[in-house]
Every structure is written in structure tokens, then in C-alpha cells.
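Think of it as A, B, C, D, E and F in the order they're written, each chain with its own count starting at 1.
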Amino acid sequence: MISARNQFKGKVKSVKLGEVMAEVVVTVGDLEFVSAITRTSAEALALKPGDEVKAVIKSTEVLIDKP
Amino acid sequence: MISARNQFKGKVKSVKLGEVMAEVVVTVGDLEFVSAITRTSAEALALKPGDEVKAVIKSTEVLIDKP
Amino acid sequence: MISARNQFKGKVKSVKLGEVMAEVVVTVGDLEFVSAITRTSAEALALKPGDEVKAVIKSTEVLIDKP
Amino acid sequence: MISARNQFKGKVKSVKLGEVMAEVVVTVGDLEFVSAITRTSAEALALKPGDEVKAVIKSTEVLIDKP
Amino acid sequence: MISARNQFKGKVKSVKLGEVMAEVVVTVGDLEFVSAITRTSAEALALKPGDEVKAVIKSTEVLIDKP
Amino acid sequence: MISARNQFKGKVKSVKLGEVMAEVVVTVGDLEFVSAITRTSAEALALKPGDEVKAVIKSTEVLIDKP
């Protein structure tokens, strides 16, 4: 169990590979999460559309915007 | 418009104030986001339960967990 | 109003686009801020030199160096 | 020389100590930076008002807001 | 399997609880890692000295200092 | 002296340059740290295999995983 308070189950929608970084889009219900990880991580996890994954976010990384 | 790719509309559920930091829980549909911001930020925004806010997360802060 | 305590008004000096990431340099008075965001964010904001923007930084991301 | 692209020389304006975290405000010319670090860090550096320090920020932590 | 490239097995040395945040020290061989997480996370994981844990760090959070 | 609590002396093992980002692997004893920094930072520090460096990590960026 990891300490990150934000863990959301979803499905990989797309993976875009750059030379060093990769952009992964994850669908969680009606929401879409965008994640930028290293390309080597994306390859180590063999991420591809349809994969069941969790988007994981440490609470110190969440900002609040009040209109 | 802020560059963060992850912006989710929700409602403040709770605010816990420490001396330096504050923990804010935001309900977004069925999901709960936990945010740790400074107490001075929470006070500057006058955050309280029921407030309509957005949880905002930079994509470089989103990890992917594949079981 | 976003919770991030560090918000500095400036002007975009340059935008360098990679495949996944983009580097944006923002001039704030005498200072230069360097930001690495996703390319899709840079394109969504249509960032180009001369744009008036704010550099926004969460206080938990600021280190202190005392010589 | 540290890899962080954002390094700004300034002076400590205030230090607020909590149990675990500390909030440090640094004046850089006309700007004010707010930093949240651990209390043990603030004590290890013996931070106090008037200290000459640098605020240091990794470029992946800088968001861009375009009104 | 989580995407973070830095995962180091160790043992909890100490846990200090504040109102909102907690400081956890983890011994990994000869090294000591310091982690600041929310108190609720520390309690959810029931962290205590001697626990076998991993320190997990996303590669975008690692700076390089070259003397 | 920088406020980051995690500072580990090691040696650069490899540097992979992308257009915007770079991936740097640092060997610290038996451990390997992976760092994603901007290409311009990697070039400013002239990072190459064999360089003696420190991997530096702010404690708010360290997650704890308890199996």
C-alpha cells in the first residue's frame, strides 16, 4: 500500500512516446488524467491502450483553484 | 488558463488546519482528492466545506500503477 | 484564485517544443523562469514569445539554499 | 552547481515553524517567494530573517498561467 | 508495478507526527531517506519503526548537483 | 547548503538526451537513481558518465510503500 492519498482506477486511453518522456492518458469514469513519465517507465510497464491502471498522486502535488 | 492538464471540478468536503500546512479534501463526482497546501493558502482562499473548487495537478506529478 | 503562493507576472521569452515536453522561458522583471510542461499544454495555451503569462509555483516545490 | 534552472538570490523575510513543516518567505527584489520545507531542514540551515539565501525551483515544477 | 523509477527497500527508523504532516525516516543500507507525507497517510499505513517499506521517488523529482 | 534532506553522493552512469528533457542515471553504492532534468540543465552541467555528483531530493517528493 503506497502512501499517496490519491489513487484512481482507470484505463489507459493513449500512450505517446518521446525520446526521454512519454505522455499517458488514463480514463477514470468521466475524467481524463494526463501523466508525463519517462519513456523507460512506460516501456518497463509495457503500457498500451486498454490496460487497467491506477493514476497515483501525492497530496502535496494537488493545488486548489477557487473561482 | 493554466497549463496543468488535470483540472477537476468538485466541492470542498473538509479542511483541516495545522500550524503550517492544511489538508483539504475535495469531492469530484464519486472520487475524493486530498490536497496538502499551506495554511496561509487555505486561509487566503477562505476554504470551507461546500466551496466549489477545482483540484489542479501538473501531469509530471501523476504516477501510473499497473497491477 | 489558485492556492499556489508563488505567482509572478511576466512575458514569454521563448518556447522550445519537443515530442512530449516543451521548455518555456518567462521573463519576470530582471529574472528568468524556466518551465517544463507538456507539449500539449504549450499548444493548448498557444504559447509564443511576447505572451503575458504568470509563472506559478506551489510552495512545497521551493527549496532554500544557504551558502 | 545544481541542475535546477530557477535559482534566485534573496533574503529570508520570515520563518514560521510548525511541528513537522516550516514556512519560509524569501524576498527577491520586489518579489516574495514562499517555501514549505521540513522543520528539521529549517533548523539544519538555522534559517532566520536577514539570511542571504537562494530560492531554488526545478523547472518541471513551474506552471504557466495565460489569462 | 508503479512507474516511479526510484524504489529502494528499507526500514522505517522513525515517525514524527504533526497535525497535518508527518516526517518518516527510512534507512536503506547506509543511506537515510527523509519523507514528508500527510499524517493521515502515515496513520493509514500504520507506520512505525522497524516496518519494512520502500522509499519511492518519481524521476522528475530528482535533481543533480555537480560540485 | 541546500534544504533538501535527501542528498546522496554517486557517479553518473549514463546520460540520454532528448529534445527538451534528459535522463540521467546515477550510481550510489549499490543503488541506481534515475533523474529527469531538462536537456539545457544536463548541458549546463556538462554531465557525462563518471562525473561525481549528488542526487538531491526534497522530502515532500518521497512516497512510502508498505507491502
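Just so it is clear, a contact is a pair of C-beta atoms (placed from the backbone, for glycine too) under 8 Å apart; a residue touches a chain by one contact, two chains touch by 3 or more.
What you are looking at is a predicted structure, and each value in this text was computed from that prediction instead of being measured.
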*asked:* Under the over-half criterion for shared residue numbers, do copies subunit B and subunit E use the same patch or different patches to meet?
replied: different
*Select the interface copy of D-E from among E-F, B-E or C-D: the correct pair shares over half of its contact pairs, counted by residue number.*
B-E
*subunit C and subunit E, separation of their C-alpha mean positions in angstrom*: 29
*Go ahead and note the Å separation of the Cα centroids belonging to subunit A and subunit C.*
22
*Return the distance between the CA-based centres of subunit D and subunit F, expressed in whole Å.*
21
_Among all residues of subunit D, which ones touch two or more of the remaining chains?_
1-5, 18-21, 23, 34-38, 40-41, 45, 56, 58-61, 63-67
_List of subunit F residues in touch with subunit C within their complex_ = 1-4, 18-21, 38, 40, 58, 60
_Of subunit D, residues touching subunit C in the complex_ = 2, 4-8, 23-24, 26, 28-31, 33-37, 41, 45, 47, 51-67
*Over in the complex, which subunit A residues touch subunit E? Could you list them?*
1-5, 35-38, 40-42, 44-45, 56, 58-60
*Provide the residue numbers of subunit C that touch subunit F in the complex, in ascending order.*
16-23, 34, 36, 60-61, 63-67
